[in-house]
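For reference, the structure is listed below as structure tokens.
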Amino acid sequence: MSFFGRELRIATFGESHGKAVGVVIDGVPAGLELGEEDIRRELDRRMFCNIPVLNPRCEPEEFEILSGVKDGRTQGTPIAIVLWNRRVISSYYDELWLKPRPGHADLAYYLKYGKNYDHRGGGRASGRTTAALVAAGAVAKKLLSTIGVEVVGHIVELGGVAISKDYTIDDVKASWSRQLPVVDEGALQKMLSVIVEVVKEGDSIGGAAEVWAVGVPPGLGEPVFDKIKADLAKAALSIPSAVAFEMGMGIRLSRMKGSEANDPIIVKGNRVGLATNKIGGVLGGISVGEPIWFRTYFKPTPSVRKPQQTVDLSTMSQTELAFKGRYDVTTVPKALVALEAMTALVLADHALRAGLIRRDKPLGNSI
Amino acid sequence: MSFFGRELRIATFGESHGKAVGVVIDGVPAGLELGEEDIRRELDRRMFCNIPVLNPRCEPEEFEILSGVKDGRTQGTPIAIVLWNRRVISSYYDELWLKPRPGHADLAYYLKYGKNYDHRGGGRASGRTTAALVAAGAVAKKLLSTIGVEVVGHIVELGGVAISKDYTIDDVKASWSRQLPVVDEGALQKMLSVIVEVVKEGDSIGGAAEVWAVGVPPGLGEPVFDKIKADLAKAALSIPSAVAFEMGMGIRLSRMKGSEANDPIIVKGNRVGLATNKIGGVLGGISVGEPIWFRTYFKPTPSVRKPQQTVDLSTMSQTELAFKGRYDVTTVPKALVALEAMTALVLADHALRAGLIRRDKPLGNSI
Amino acid sequence: MSFFGRELRIATFGESHGKAVGVVIDGVPAGLELGEEDIRRELDRRMFCNIPVLNPRCEPEEFEILSGVKDGRTQGTPIAIVLWNRRVISSYYDELWLKPRPGHADLAYYLKYGKNYDHRGGGRASGRTTAALVAAGAVAKKLLSTIGVEVVGHIVELGGVAISKDYTIDDVKASWSRQLPVVDEGALQKMLSVIVEVVKEGDSIGGAAEVWAVGVPPGLGEPVFDKIKADLAKAALSIPSAVAFEMGMGIRLSRMKGSEANDPIIVKGNRVGLATNKIGGVLGGISVGEPIWFRTYFKPTPSVRKPQQTVDLSTMSQTELAFKGRYDVTTVPKALVALEAMTALVLADHALRAGLIRRDKPLGNSI
Amino acid sequence: MSFFGRELRIATFGESHGKAVGVVIDGVPAGLELGEEDIRRELDRRMFCNIPVLNPRCEPEEFEILSGVKDGRTQGTPIAIVLWNRRVISSYYDELWLKPRPGHADLAYYLKYGKNYDHRGGGRASGRTTAALVAAGAVAKKLLSTIGVEVVGHIVELGGVAISKDYTIDDVKASWSRQLPVVDEGALQKMLSVIVEVVKEGDSIGGAAEVWAVGVPPGLGEPVFDKIKADLAKAALSIPSAVAFEMGMGIRLSRMKGSEANDPIIVKGNRVGLATNKIGGVLGGISVGEPIWFRTYFKPTPSVRKPQQTVDLSTMSQTELAFKGRYDVTTVPKALVALEAMTALVLADHALRAGLIRRDKPLGNSI
């Protein structure tokens, strides 16, 4: 279903070529400063207008906050945000009707919903729907800022090109001034070349994004099933095209010996902390006061111009398909912004669940 | 928290050196044949008595079904299972009090719970707690068998040794007759050698397990947040030491081009299906009638005999720690069985949620 | 929070004088015939244009279905419905700012949200918000109709006037052709007189509504905490002004002896059923194949023209308040329609949870 | 299902004549002082040994805390409590097999579970199961005491005899020194006489209980669906035999005019409050700093010695039934204690959800 979270909850809706996509966000305490510009800022971050192939028209989102905010502050009630879909050309999709695109949700939707689904532009499974997540994430980020938590990510791999450079959280933030948020300038140039090539081939690429949350206090997360890492994994795998999740150094840890993998525990000023942070800031599912970081891997966009084998479901016969409409050579940049949003939602939810953010009074007791 | 699932729900409890661990399973329809032997069978699968270093004493679990089953059938009411903890020697843990073991949940628990936690044997964060998951999984597997779904897994990597052999689901099942469920005999022998070596060093190793669910009908899972892959990711990362999750070919898919990564769609007899199954049986978060498969990576056991750097929290001074008690050279084999259990719980939950298994009448309408 | 339900879920939003109220409905299987007219029909039922004092302007709702429906059928994805608020005169509310109306949510909102809430027209606590419930209920009613369940209610008490006449479910349905849905014509006339009088006094009245669900199959509901009666009680008490809930003959049962209160069990054709139905169709929390019925009591509208004692929160001094804006002499008629909606949502949720309505395939397997 | 609550959650289990009943309580922060005596005290309160007809053997419960508590303090992990069932005589129930007792859950269970249910002693629907609720409530009460909230109730009506005397919360507490917690000595004597009479007749009686929560701070509860009153209604109607719920003066309010029903708002020292508290301490679903109070009505125990009409389901023919085993002339006293427990669970859950009780640190930061 399209509902997520426990004390900070969202309900999303909308199909790619329907009237709108949107989200209802509930559980935000009253008194949080929030304006359209906070939503706009995050929505703009997923546009990547500097790379025309990723967003040729580059028009800003048209959205409205329908409820829950008044005079620039949240009211403690649900915040509904509608993002109106643009007039779109759906005719490209006519020939795809009942010809499921390999790698896409089409086939699954057909098996579950029969002919009752909107295949145009990917319908409910479209990357378009992540715009609503990003809007919700903007609210969560604002809420987290009240307890000093900041969430930001970058692209660590694209089309088989991986970054190969050490970096700090400041490098990650600074990377957003580039065409794509990549900390390694050399790798970025190679990624951009791959994009050009692959577009020529009419093919698509995947990659990996890494998200950091800094300023997370210790004690968030719960043993066994509400582990921070488990909730982040669910959040990450909810994003279209996500195929893998790695907490901290993840797979590399699984190939080390215990004596190498364990982060030594040390005194850091007046607190206790980790000498290294291979584990990604979470032990036993609970934050320990170190930055939380993880990676998510995305498969290449399924729609490509190359002909692919599929079935005409109206006749149950084999056929070929070459997608002719506008397609995304890669979803990784937009997925990264959605991943940041989901991370912010998970952490804000845990901060509310732990009582670190209170809801019986307005924020800052701002009566 | 220790509650999981929506229509099939579990609540687990118990510390490693407390009286017992256990689980309450709710949502199982009435009329399912279930006996202690069904639970016993799964609990036995996590013992690995053939490898003494993994389970030196190899004593069978003492457990009781306290409710929900009568005359060999479920009653539709909660099934509570208690697994009594054995008399254990906790004295090894005395010196660990307030000296958190690197890589372990100790530090996180201290930060969240203060001195109010049971550090003995890992307490609530112990691998011991997965015995309760396995008991619950036994019930879920039994329930899934009524709709023809079977869940089984194997070890694909251990201590840096990976299998390198093609295999079928029958090979996976057959692998359980070996010392460890590994489909590649050569790899298995190398893994066993690594275990011997690493035990000598007093160190530990991690690895990866892969789980398959066969017979899964199409239409399970929901778009956006209740995707099968997202729920499996959360389930997998809930298991102690889990650090990464990969749906189908996962990371390898992220490095392919779209035209390579997409599974062609073909007619298979009287249904439509996938020519290959790189994606792991789930598109758009929904099952398509192909086997579901995924991998989970586990870091090495944190407790090792090698001295490690930590902090004496009573004095806030640096110190060293070398674990002297019984430790697990690797948690991967037991974690695999827990992973099967969690997989069965997720799929049975989705089968109930989709109405494929009904609950307004007894199973098979067995009035 | 504004989220309700488990397998059929809704998220509502909106303040009375904000841009809109609305609802996202998730969990509806694909293939249900659904058009704007289905929503319109239910929204019209809460207008009561025949009694001008209840709805002087009597303008139809302006609403849009933003997602989840295509070509007259549901798609299995969230259905978002927005009901645009009209241009309203909020100036009446200026003098109420920081002067909480006795009996209203104002005081509670102030204590919880500080000055960050929209008091105009009752804001989030307004009866206006039940329009969104009714829209969601329209979808739930349509879904229930596929399994033969019908939900309808009537007013059984208003301003101290109670009906005193036996009636059948057909009488209940027929009562909707009257000015108010009251089965007893004599009582109705007295109620209408009371309304006229009370409006003259500038005061308000409460009353009671009764809802019936017919065609409910046995086996819905669960022991202990998901009892049909408990879920209906929560649903009923969620409606503004609701102050009491009575399952079947409720309080009257509590004053009988067991031998009087118990409904005899009899053979009814080829099934077993109840000779009487004092209990309201639910035993042990589970439906038994008899109609489900219950009552909910509503206090009088808090806003009245008579001066009332309150506190000016800006000065913390006692003051008096006489409401001058448009007010509702009674909320019972609209609350009844909301109660029907909530009943439909609860029962449809249980039908989905029990698997009586499936969601892995489109309704009627309408591929 | 048998799971309840959001941030304070319980999972209950057990049949009346099975091995045990019990509960897992999760979400309790670490550091709460908790001993067996805290559980024992509440379990003793439901014994009513002074009235032999209510509890002829009057043996104390045998229970064990299996997890979550160490050295007299909670650990932040699930607290599992098992209450062992005594050796019971189930033979009385032999003749009831497939002859559902009118008014009891038998018929519903048969329709839902077929022959797979434990009818002995009422099985899962037995009042016996509320012992587990009371154990959970003991923990919730202890947790609430840390924020100054106290929950206590009394019987306000029994067998048609109602109290008719004003009372304070101190009177309510003092009433527990009587044979039954009734504030009105005259009414109590009449109730006791009715009990004697009704036992002679082999019949049963119902009644009503009222619960008070004092010390509840403002700001608990949420608009629309997580209203305190709605959650209390669900909690109350979850108790076996509950048939009605009344918030504050409830039905009496529905018969008043607005000007009478509204509680005037006044300055009370340095806070704002209600002059009267007819509404029961909750406005718009949110606590306002006044005591919360409500009533719940219970039907008479269904099992009576008088012959009643039922159906022999094995032959589908009419028959008569006169219960011969041990029966409860009334469940109201025990139900009251369960109602207190459920009230404590609801309020503690809301205190956690609002962040008034934190969970990222031990209680009182008791490191």
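Letters A, B, C and D mark the chains as written, and numbering starts fresh at 1 in each.
To be clear about the criterion, contacts are C-beta pairs under 8 Å (C-beta built on N, C-alpha and C of every residue); 3 or more make two chains touch, one makes a residue touch a chain.
Treat the numbers as computed from the prediction; the structure is a model and nothing was measured.
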Taking contacts as defined above, which has more of them, A-C or A-D? A-C
Farthest CA centroid from chain D: chain A
Can you give the whole-Å distance between the Cα centres of chain A and chain D? 45
Using mean CA coordinates as chain centres, what's the chain A-chain B distance in Å? 27
Could you grab the centroid distance between chain A and chain C? Build each centroid from C-alpha atoms only and quote it in angstrom. 38
Multi-chain contacts in chain C, i.e. residues touching at least two other chains, fall at 1-3, 12, 76-77, 109, 112, 124, 218-219, 223, 359-361
Can you list the residues on chain A that touch chain B in the complex? 1-4, 12, 100-109, 111-112, 124-125, 129, 157, 160, 198, 201, 203-208, 218-219, 221-227, 229-238, 240, 242-251, 253-259, 261-267, 272, 275, 279, 282-289, 297-304, 306, 308-311, 313, 316-318
For a test of understanding, state which residues of chain D touch chain B in their complex under the given definition. 1-3, 9, 11-15, 18-22, 24, 26-27, 30-31, 64, 66-68, 70, 73-80, 82, 109-110, 112-118, 123-124, 360-362, 365-367
Across the complex, what residues on chain A touch chain D? 6-7, 76-77, 217-220, 223, 352-361
